[in-house]
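What follows is chain A paired twice: with chain B in the first complex and chain C in the second.
For the complex of A and B:
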């Protein structure tokens, strides 16, 4: 029942918010996001970190088609639920400085999307998962295409067609599994005994959908444009939370269901992921626009996460768990800082900026912490995740581990160079009039910095949450591999 | 039977009311008549009756009758302010639509092929006149003539096919024909095969499946929008019900023979409908081509026959009908104000009339097949059906087409919400509001809880 509250609270919030106007809509959205956060904390206190599925609900939904409203939370879901509900209030708060027209629709769509995301992260029924998957996509399409930049229509059409193409393939995969299992229940999927040929097909049907969402090279081409053209809130939602849908999908719906298929294609996926890391890093070097640079750095980070998943070891998967949270928090922080800069100076071009640290010391400090978290400095949240991920990849294959390890060096180079050019040096005519952060900006950035440091120094509670579930997952895969 | 009688009597009453210039009474009379007919549908539920071996009112027939009657009801509601230009023949309009509806009820309930023909003709002849009811409008005349010629042509095919089948089996009764096929598996008369193909062609003409679709765009564009709405929703649904009754019933034992031919038709229909719709600048024409592609999806249920074929068609047809009614209602509103039905004339509708824009968005999402709308459930059951038979090629083609569909339906959403248009406010007449609201509710309700309709037949 608590779970239903968690899932439907944002939906109720969306309906309420859509009926309000202007500032009231903003406040109501924030209120509902905070309420969701409270519910999450409530769930967390009742949650026992073992491998079981907790708070499970199961109601018959479309009986004729064997579909149930079956959802529940285990350690892996818990991490993503925390991610969603911690970031949502921050993202909404971060948008307070902007005056969006039709604010009620804007915030209602965000809350609607939150419901969809939570549904994805808790669904234990294939059909329900798919519904959540699409229910998260439609609002973000409208957010980006309605309130985005100049090229928003064309760019978002590309984004939409890409993702929907992926999800249609996934739908075919789901229907195929349903026809085999005669049920959409995830446990029935787990119990299936498909041969390696069938598993290969199902693997690709799912993998393409997830790879587009993450995105993994070469399915990433929609991402930089969409991130750049979207309103900052949209970018944060996309990069902070939405791409975790793909990662979560792989862990929950790909590895345990078709382990043989994964095993057959693991090599290809690993190489694609590592190529993505190097390729995105190299392109990030050459970017003139800071927002694009962060977009490409996100591809590089996700490449490492995906390599870590497919390494299929406890360390790798635990790294994925931590890194999902860290990346979400850090990337939201980065985009928010860039939004602060661009909303005051009307530019994100690295060349045109400089010396901001002198006029805005608070921004400089917080930005530095976020950048250091992103480049995985020990003592920040990025370090734990990347270290575990690299450890996992290294165990899978030494050479891949070494190449993937370059991401840390590359990341440090382009991120710190960006920081240097934007924040340090001398002020110019444009940046001299820059004012430091205040009000809601302070709250958001300070919270993000606090999260970065706390998670970096004391990651144990997080890792403890998911450990048993990750172990269980790997055992499940091993068991199925033996059959 | 009482359903048909009610509708026909209503038609005559309305005609006479028109004769006595009781203009105000026309719409209430019609609506009451339709409600009574709907009541009879509800009364005869789960009580299949056969009338003299000619018609059989089983749940299949009743469910499709109900959808047709509700669809017609909505279309009648849309007549508010539609005839403002002082036309005198409103009663004829109403009567003809009601006659067409009674033909449709026969088409969905026939037990005898002669009734199929009679029902089809009652419907078609009414539609020929309706398409050309704007006597002074060039496009309307063209539409009527084209529709008549093509319709007559296809009826010829149908009749020829029926004759051959009669020659082979000695009966018009579809139960007897089915029994003949089961009894003589090895010795089916060679006359039978061309008969089946000819009947198939005749029906494909009627439902607008490619390559027999050439009349649809011109007829849809030329006819008055209200009539187009009627043709592309209610008439189409009835065509499929007729198709299903014959091919999933009587000809079912010969499935292996006609399914490959139908599969080719499905693939052509999907591709032509979708790809041509992509290039349309006119919303009405786009809807015409999209209706062709939906015919393709609907035929999926015949390519792979299963116990659920009928309910799949019912779900899909319901989803398609309500979404199309929204689309045409908004089209009529925009056309009355702007005077054009190009996609550009919808620019900025989100500002001019947020409610109509929202309804249109739901309709487009449903037609495109986005989850939580009825259209998704419709497409989903079709995919499920085809996947169940491992027709992988067909599934891949269907998916590619669904993608193309997303593109052009979203073109409308983009025009409505993201493009700047003129700012003149567009108000919605009261009855339009009701139709839009109800259709949106039905579309979302069926999308969230399709069990309501999935269990019906």
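For the complex of A and C:
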């Protein structure tokens, strides 16, 4: 029952918010997001960090098709639920400085999306998962199309084509699995005995959907354009939370269902992931727009996460768990900093900025901490994740590990370059009038910095949540692989 | 007692960082200065106490576990400390010299608007440096390792409004990161080989392995790559001279006395592993010697007083690596210690000169400062004699210990080491004469303001001068009737002493050769810069080919730029403009276009009510059913 509260609270919030106007809509959205966070904390206190699925609900829904409203939370889901519900209030608070037209619709869509995301992260029925997937997608599509930048229509078309193509592939995969299992239940999918040929097809159907969402090279070209053109709130939702749908999808709906298919194609996926790290990092070197630079850096980071998943070791997957949270927190922080800058100076062009540290020391410190988290300095959240991920990849293959490891050098190059060009040096005519962060900006950035350091110094509680579930998943894959 | 007090040593500077960080804009400068220095003094006194406790306890190692940091599967990394003879000495160097430099900074940075920030960063640096040397495993060491890199970044770029200073900071961080990747991969390999990254578990297992084992060679090479970044060895040393952009106390503390010796500390700590890898040792000895020579050659023609000292640091670090390579761990570590004394002294002295000259660093505009900066001159002269290797000052003992071991290992390396010693003595005396002798060559306006630095700056100079003079006493070799105290003390840290097999006559001959080299260099520098009053030509002036190469630092920055930076940027643009925008997007837009066109056609067929989305879904289902049907049939 707690789970239903978790899933439907944002939906109720969406309805309430859509009826309000202006500031009231903002406050209502924030209130519901905070309420969801409280519910999450409530769940956390009752959660036992073992491998079992907890708070499970299962109601018959469309019985003719074997569809049930079946959802529950294990350690892996818990991480993504925490991610969603911690970031949501921060993202909403970060949007407070903006006066969006039709604010009620804007905030209602965000809450609606939250429901969709939570459904994706807890669904244990294939059909329900798909409903959540689309429910999360439609609002973000509207957010980008209606509140985005000047190129939004063209860019959105690309985003739409990509994601629809992905959804289609996944739907095909799901229907195929249904036809085999005569049910959409995840356990029925797990119990299937597909031969390696069938598994290969299902693998690609799902993988392409998830790969587009994350995105993994070469399915990524919608991402930089969309991140750059979307309103910053949309960018934060996409990069902070939504791309984790793809990561979560791989872990929950790909690895344990078609382990043989994974095993057959693992080499290709690993190489694509690692190429993505290097490729996107290099592109980030010479980007002129800071938002686009961060977008490419996100592709590089996600490449490493993807490689960590397919390394299929406890360390790699635990690294994925930590890094999903860390990446979410850090990337939201980065985009927020850039939003603060662009809302004051109307530009994110690196060359036009400079010297902000002089006029905005508080922004300089918080931005630096976020950058350090992003480049995985020990003592920040980024290090824990990257260290485990790189170790996982290294164990899969030493050379891939070394090439993937270049991310710690390249990351420092493009991130510090951006920091230098934006914050250091002397002020110019444009940046001289910049004012330091205040009010809600301070709350958001201080919270993010605190999370970065606390998670980096004492990651144990987070890692403890998912460890048993990750172990269980790996055993499940191993057992099925033996059959 | 050690158990219950050890964690306080790093905690104190951390506390100083937090207090000064929060109060940087509200506290008075003197309060900030005394808090910043006070916590380091307290940490030093505690370190002294701990040192004697360890000495008297008869124990060699005390480990303290704070909490479980990272744990995943069979990988367990506790946040824990190891206190043993090696870390005990490092603690004394870091907090002792650290305190003196904090004190000095109160005077040096007094006029700076970022005074509070400076002390906060300096305290943070000490904290990370202590973590580096106290870590009981490679990962905790790595926290400190990268943490000091961060502080180095922050302090090199302290005056960040100057864009080339900010670039120097970035360069230092990135070049260190190249080494750090080697370190990290090395740690992965250590874990996979020994099942642990704890020193106490790795070394005993390694001790039973065969020398020359491939995996050990690989591990040690990877660790050495890490050391090359942090300790500025070829090919990764070019960040250190640029790092002189930071305030001079930073150069003294971070880029001379402590952080840059972290690589030597790490290798000395892992001596068990390196002793099993003769190939790696040979590589280290060669790289060290080459770095020592090249940096010394560059130092010969530099005109910026801090740049001379920076290249000198690189060169001296090269000596230390030569020592490590030939197995003279004690000699190498001994040189870390004496170098910390005399190089911190020289940098602080240079800072005192720069302070007096209102931020003038070019020696061509100095000269004749001897009479006006008496204490600075006297103390710096002691430092110069020490680094030049003239007995009985500290540098003589440590350098000769390394050279004697190098002589046993390989005569060529020894000869290059000796040549470097000659060059070192020359460029150091050149620096002293250009700065302090002859006539004043600066502006008249600046001349009127030249004054000796305040006591808070000169006292640290005096203390360091005493240490630079007598520091050699802690490891007097047998040939002088000494008992090599340091070597004996370090046995407790698992560092096996290496006995020289040379006869006493040979030892004396070697010492004689290096002392002679230093004295000849002194004489030559005196003739050229005092008697003939030679002044280096302006930047554009005519230089011989060799001088040009030296003055332009072997064009290393230009070469790196041409073979690494430029190609990577070209790849960046190619990937973005061609692959991303043309190739991949071209394909996607092709699909998008055909889908849109296709659905337009379909819309006509189906009276315009079916969207693209539905079409795709239906198409998919049909295709799937068809596929199933066909596969059954």
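Everything below uses one rule, namely that the second predicted complex is superposed on the first by the 483 of 483 C-alpha atoms of A that agree within 3 Å, B and C clash if a C-alpha of one lies under 4 Å from a C-alpha of the other, contacts with A are read in each partner's own complex, and residues count from 1 in each chain.
Quick note on the criterion: contacts are C-beta pairs under 8 Å (C-beta built on N, C-alpha and C of every residue); 3 or more make two chains touch, one makes a residue touch a chain.
Given the structure is predicted, the values throughout are model-derived calculations rather than measurements.
*Asks:* Looking at A:142 after the superposition, I want to know if it touches chain B, chain C, both of them or none. Which is it: first, second, both, neither?
*Replies:* The answer is first: A:142 touches chain B but not chain C.
*Asks:* Check the residue A:315 against both partner chains and state whether it touches chain B (first), chain C (second), both, or neither.
*Replies:* After superposition on chain A, A:315 lies in contact with chain C alone.
*Asks:* Figure out whether A:168 sits in contact with chain B (first) or chain C (second), or with both, or with neither.
*Replies:* In the superposition, A:168 contacts both chain B and chain C.
*Asks:* Per the overlay, which chain contacts more chain A residues, chain B or chain C?
*Replies:* C
*Asks:* Just checking: does A:62 make contact with chain B only, chain C only, both, or neither of them? Give me first, second, both or neither.
*Replies:* First partner only.
*Asks:* Counting only touches as set out at the top, which of chain B and chain C does A:387 meet: first, second, both, neither?
*Replies:* Second partner only, chain C.
*Asks:* Return first, second, both or neither, reflecting whether A:131 touches chain B, chain C, both chains, or no partner chain.
*Replies:* first
*Asks:* Identify the partner contact of A:157: answer first if only chain B is touched, second if only chain C is, both if each is, neither if none is.
*Replies:* A:157 contacts both chain B and chain C.
*Asks:* Does chain B (first) or chain C (second) touch A:38, or do both, or does neither?
*Replies:* neither
*Asks:* Counting only touches as set out at the top, which of chain B and chain C does A:268 meet: first, second, both, neither?
*Replies:* It touches nothing on chain B or chain C.
*Asks:* Which residues would you name on chain A as touching chain B in one complex and chain C in the other?
*Replies:* 157, 161, 164-165, 168, 171-172, 175-176, 179
*Asks:* Once bound in the complex, which stretches of chain B touch chain A?
*Replies:* That would be residues 365, 370-372, 380-381, 383-384, 387-388, 395, 399, 402-403, 406-407, 410, 414, 417-419, 449-451, 454-455 of chain B.
*Asks:* Report the residues of chain C in contact with chain A in the complex, numbered from low to high.
*Replies:* Its residues touching chain A are 67-75, 139, 142-143, 145-147, 150, 153, 157, 160-163, 166-167, 169-170, 173-174, 177-178, 180-181, 184-185, 188, 191-192, 568-569, 571-573, 575-576, 579-580, 584-585, 588-589, 591-592, 595, 612-613, 616-617, 620-621, 623-624, 628.
*Asks:* Can you list the residues on chain A that touch chain C in the complex?
*Replies:* Within the complex, chain A contacts chain C at residues 157-158, 161-162, 164-165, 168, 171-172, 175-176, 179, 218, 220-222, 224, 279, 282-287, 313-315, 318-319, 355, 357-358, 372, 377-379, 384, 387-388, 390-391, 394-395, 401-402, 405-406, 408-409, 412-413, 416-417, 420, 423-426, 458-460, 463, 467, 471.
*Asks:* Quick one: in the complex, what on chain A touches chain B?
*Replies:* Per the touch definition, chain A meets chain B at residues 61-65, 130-131, 134-135, 138, 142, 145-146, 152-153, 157, 160-161, 164-165, 168-169, 171-172, 175-176, 178-179.
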